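Below are structures written as structure tokens.
Shared chain: subunit A. Partners: subunit B in the first complex, subunit C in the second.
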Partner chain A sequence: MSPRAVLAAAWQPALFLALAALPFVPDRQVGLYTQQLTPLFILALLALGLNVVVGYTGLLHLGIAAFFGIGAYAVGILTVQTFPFQLAFPLAILVGVLAAAGLGVATTAPTLRLRGDYLALVTMGFGLIIVFVIRNLGNITEGTRGLNPVTPKLLPWVADPDLRAVRPEGMGWGRYWHDYPYFYLLCLGLLGATTLLLRNLENSRLGRSWVALREDELAASCMGLNPAKLKLTAIAIGAGIAGLAGGLYAIAQQTTGGPEAYDFNRSMITLCCVILGGLGNRPGVLLGVFLLVGYDMVLTPVLDTAVQKPDFQNLFPEWMRGKQYLKVSGWRLIVFGMALILMMRFRPEGLLPAARLKHELHPGPAAAAKG
Partner chain B sequence: MPPLLAVEKLEAGYGPINVLHGISLTVEPGEIVAMIGANGAGKTTTLMCLSGVVKARGGRVVFDGRDLTAEKVPAHQVVRLGLAQSPEGRKIFPRLTVLENLQMGAFTRTDADGVAADVEKAFTMFPILRERQHQAGGLLSGGQQQMLAIARALMSRPKLLLLDEPSLGLAPQIVVQIFDVIRELNRQGMSVLLVEQNARMALKVAHRGYVLETGRVTFSDRAAALLDDPRIRAAYLGE
Partner chain C sequence: MTPLLAADPAAAFGQFLLIGLVSGLLYALIALGYTMVYGIVELINFAHGDLFMLGCLLSLEVCLLVGARTQAEAGTAAGVAAVALMLVAAPVFCAALNIAVDRAVYRPLRTAPKLAPLVSAIGVSFVFMGVGLFWKGATDVTFPDLLGPPIPPDAVNAAPPVPANLLEGTGLRFTFKDLMVVLVTIPTMAALTVFVRYTTLGKAMRATAQNPTAAQLMGINVDRVIAATFAIGGALAGVGSVVYSLYFNTVNYQMGFQNGVYAFTAAVLGGIGNIPGAVLGGIVIGVVKTLGGAYIGSEWSEALIFAILVVILIFRPNGLLGARTREKV
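For the complex of A and B:
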């Protein structure tokens, strides 16, 4: 194999192993940074779920955050002390996944005949409705305060082990399974498993049928494909993965947070990640999440601290100091917008496009030579 | 022997508009039947009705002994019964490779060996497709795409092939090639229902023909007889 081919085949497993090894670096400072990657993995799962619906099947869904929220609140309701369920982690997360998938099918079935912009509008409406439901169903969801603490047991019938006995000292490792680094490794593992699952799905009969449906629905039904069934499978799988991400998110935060964590912004940013990285291409989607969410959640706070130092603020006149526009976070949506506009202009297929798209948008000598 | 396809008084339309006002036609096994007519006569709608993509509002479609309208056979099941369509405008999957396009045509089949053998047959019939099998379908020329569309429809091993405007937008020389392919397929035993604007070519290759006008069959006869009919010659053959 050429070095290029080796690199192409090996970079994903290598990155996965490197991330899995990070918590074992015997340095507390490294641990503090590594810890911040957990939500990145969770949002990567969410983006992969959206990618099944938008990337593979071509249904522009603008309400993926709703399924994220359903997963989070299902796990919340099934585990907090105020409700009589208090299920263990695997059961609660399973219910969360099934609830999100079921709701995905239930809300998509009536809209199967809509296409393009019309479908996008309906899904956007659905996403908005869910936020209001969560906010106003105070008896169940605690409204804007959110459910907490979400600290399920790892296994049913067995008390959670106290991991202080086995952890190495001085590395900032936590006490319970939902602390760093155990939960970090769990999320990374689930992300890896989902990636593998999706890779196999892409190359399966089902995966190719999705692509055919996206390319041309009429031709697909002339080939004997059932568009309704295919769309519902795609939304069930996509929403299910989003539900999984939601459940993990609630456990990572130990609270469902308020409904604003599952609003339209979340859907849009996830969609931006998918488009920025490369619609329909798994590694591209992961890269998109890493760049956008990484910028949003990791880089912005660091820069914000930096620019709030008096040395920097004193460069500006008195009346400007401490205002939103002198913070990096104040510019975040503008940065997102600019990134998308620049992408659409210069690289519409995304940073790491799927091979099929690259062929179509830049049919260069490579494509001609192949024939 | 009963006809392979019998359409009786078929009615269909879109929204408040009725397009077909009682179309009747038959296709015998081993026959090429041409349906000709102007824009908006209802040719494509008839084919879409046969494939189940457009729902019939009245009348019957009996295919190979099964009443498709009474049984309400959905579009994706029609292919399994042996009725394959190569739709108007070719409708290639542009981002799937040529090979994947062919495999998609065999979606209803589960015999991997048989499918591989049929892909091989398609490549023998259309050598250009073998050369370009790993290219995206959208990068083929119009004529090659039409060949791919026909080959793709054949992948389900249909009993009856529905061809909608195979000459659409193709150079005259390519059109001749496409019609040679249709004749050759028929010689191998394939029954074909052909919809065409290019009436002369269609009637030359067909055994029988139907002329559609605003949703009704106005003439039907042996193709050679239609070619000689002064009214047809005046209206559709430009003489």
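For the complex of A and C:
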């Protein structure tokens, strides 16, 4: 094998192992930084779910956050003290995944005959409705306060082990399984497993059928594929992964948070990640999440504290100080918007394009002449 | 239930209907911009609502420049000048901005896969929101009530005066502001209909909407026609923004998304690409929103509108008038 091929085959497992090793670095500061990666993994799962729908199958879905929210609230309802269920983690998350997948199928089935842009609007409307339902059904969802504490047991019938006895000193390790670094490793493991699953799915009969459907629905159905069934499978898998991400998100935060965490903005940011990285390409999607969510959740707070120091603000005239444009967080809408516009204009295949999509969007002269 | 509802159900219903009609005309004005652009380039212009928002912020800026800062200037020379100036400035600004965005963002994507311009439009919407955030900050800003009743100069701490009721004695309230909405929106829509139906450019628009290639073969400059459509849609959003700001008296950088979705729902409801349909859809949305807010609960009225959007798209994607009138612009 050439060195390039070795690199191409090995970089993903290597990155995975490096991330898994991070909590074992005997330094408290490293631990504090590593901790911030947990939400990044969860949102990467969400983006991978959206990628199944938008990237593989070509259905523009603008409401993926709804499934994220369903997963989070299903886990919340099944585990908080105020409800009689109090299921353990595996069971609750399974119900969350199935609920999200079921809802995905139920809401997509009536829309199958719609054209692409109308489908986008229906999914957007659905996403908006879910947010209002969560907000208004206050006696189930606690409205804008959110359900808490979401701290399920790891296994049914067994009390959570107190891990203080086995943890090393001075590395910031927590006490229960849902604390850092156990939950970090769990999320990383689930992300790795999902990536593997999707890789195999891409090369399977199902994955190839999705791509065929995306490229040309008419031709695909002439070849004997069933577009309705394929689309519903895609949405079930995509929504299920989003539901998994939602459940993990609720446990990571120990609360479902308010409905704002699952609104249109979340759907859009996730879509931005998928498009920036490369529609239909797993490593691309992960890169997109790393860049955009990393910018949004990790870099922005750090830079904002730096930028708000008087030393920096005094560089500007009096009337500009403290305004939104002198905060890094103020630029986030423009950054996301410009990312979408520029990607669509100059590199619609994404930063790390899938080979097939790249060919489709930058066809050779022969294909262009054909129209 | 509101006290009004309990006292006289029939009058209350009539009042809600009236409020719904007036706000519906506002949504219709924005919906026309969606419907015209969709009719001609089949693009759901996500940024249209945020264009409307920027129009509102510009109107506010005009007020501040002219010196009409509060309701006290209502009826004075400064107040009248501010209203007149913003009725010119906002449509021109929105039209110019819409043309610029079309030229820079959408035109290069004319031959791209159909979802590319849609995603770009979402991007433009974000950028507009960011600009609005920089312009007026993150909080609600009060817009001077320049059409409200003038405040007498000696009454500083008195209760604000009640606006005059133009339908006194009928049990309904219809203020000067409501009248203003009707007086601005209806002639605008009539002018638009006349323009599309009887002028050469209007004819060119209808031709381009029906078949761009054939229109081009007939010697129509399709790019110019599309630019004109964006200009008209933007100007309508500008007019809408002036009327909206004067009517509701508060603006912020997030108002565009919500009003945009309402207006878009109106356009889809009436049959997207269909001008009378957009007006009808706007009125229906306004009435449903007001009645839903009054009788079901205001926390559900937005969800109700989105549910209408979903149901209409699924069961009748051509809209209420879409099947009968195939003519689009």
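Simple rule for what comes next: the second predicted complex is superposed on the first by the 360 of 371 C-alpha atoms of A that agree within 3 Å, B and C clash if a C-alpha of one lies under 4 Å from a C-alpha of the other, contacts with A are read in each partner's own complex, and residues count from 1 in each chain.
The criterion applied here is as follows: a contact is a pair of C-beta atoms (placed from the backbone, for glycine too) under 8 Å apart; a residue touches a chain by one contact, two chains touch by 3 or more.
Just so we're clear, the structure is a prediction, and the values are computed from it rather than from any experiment.
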{"item": "Which partner, subunit B or subunit C, touches more subunit A residues", "value": "C"}
{"item": "Touched partner set for A:F132, first subunit B, second subunit C, both or neither", "value": "second"}
{"item": "Partner chain in contact with A:L225 - subunit B first, subunit C second, else both or neither", "value": "first"}
{"item": "Which superposed partner A:F336 touches (first subunit B, second subunit C, both, neither)", "value": "second"}
{"item": "Touching partner for A:A212 - first (subunit B), second (subunit C), both, neither", "value": "first"}
{"item": "For the subunit A and subunit C complex, residues of the former touching the latter", "value": "60, 110-111, 114-118, 120-122, 125-126, 128-129, 132-133, 135-136, 264, 268, 271, 275, 323-325, 330-334, 336-341, 344-345, 348, 361"}
{"item": "Contact set on subunit A toward subunit B in their complex", "value": "205, 208-209, 211-212, 215-216, 218-227, 356-357, 359-360, 363, 367, 370-371"}
{"item": "Complex contact set, residues of subunit B against subunit A", "value": "51, 53, 74-80, 84-87, 91-96, 100, 103-105, 107-108, 131-132, 134-136, 138-139, 152-153, 156"}
{"item": "Contacting residues of subunit C [partner subunit A, same complex]", "value": "42, 44, 105, 108-109, 112-120, 122-131, 133-134, 137-138, 257, 261, 264, 268, 299-300, 302-303, 306-307, 309-310, 313-314, 317"}
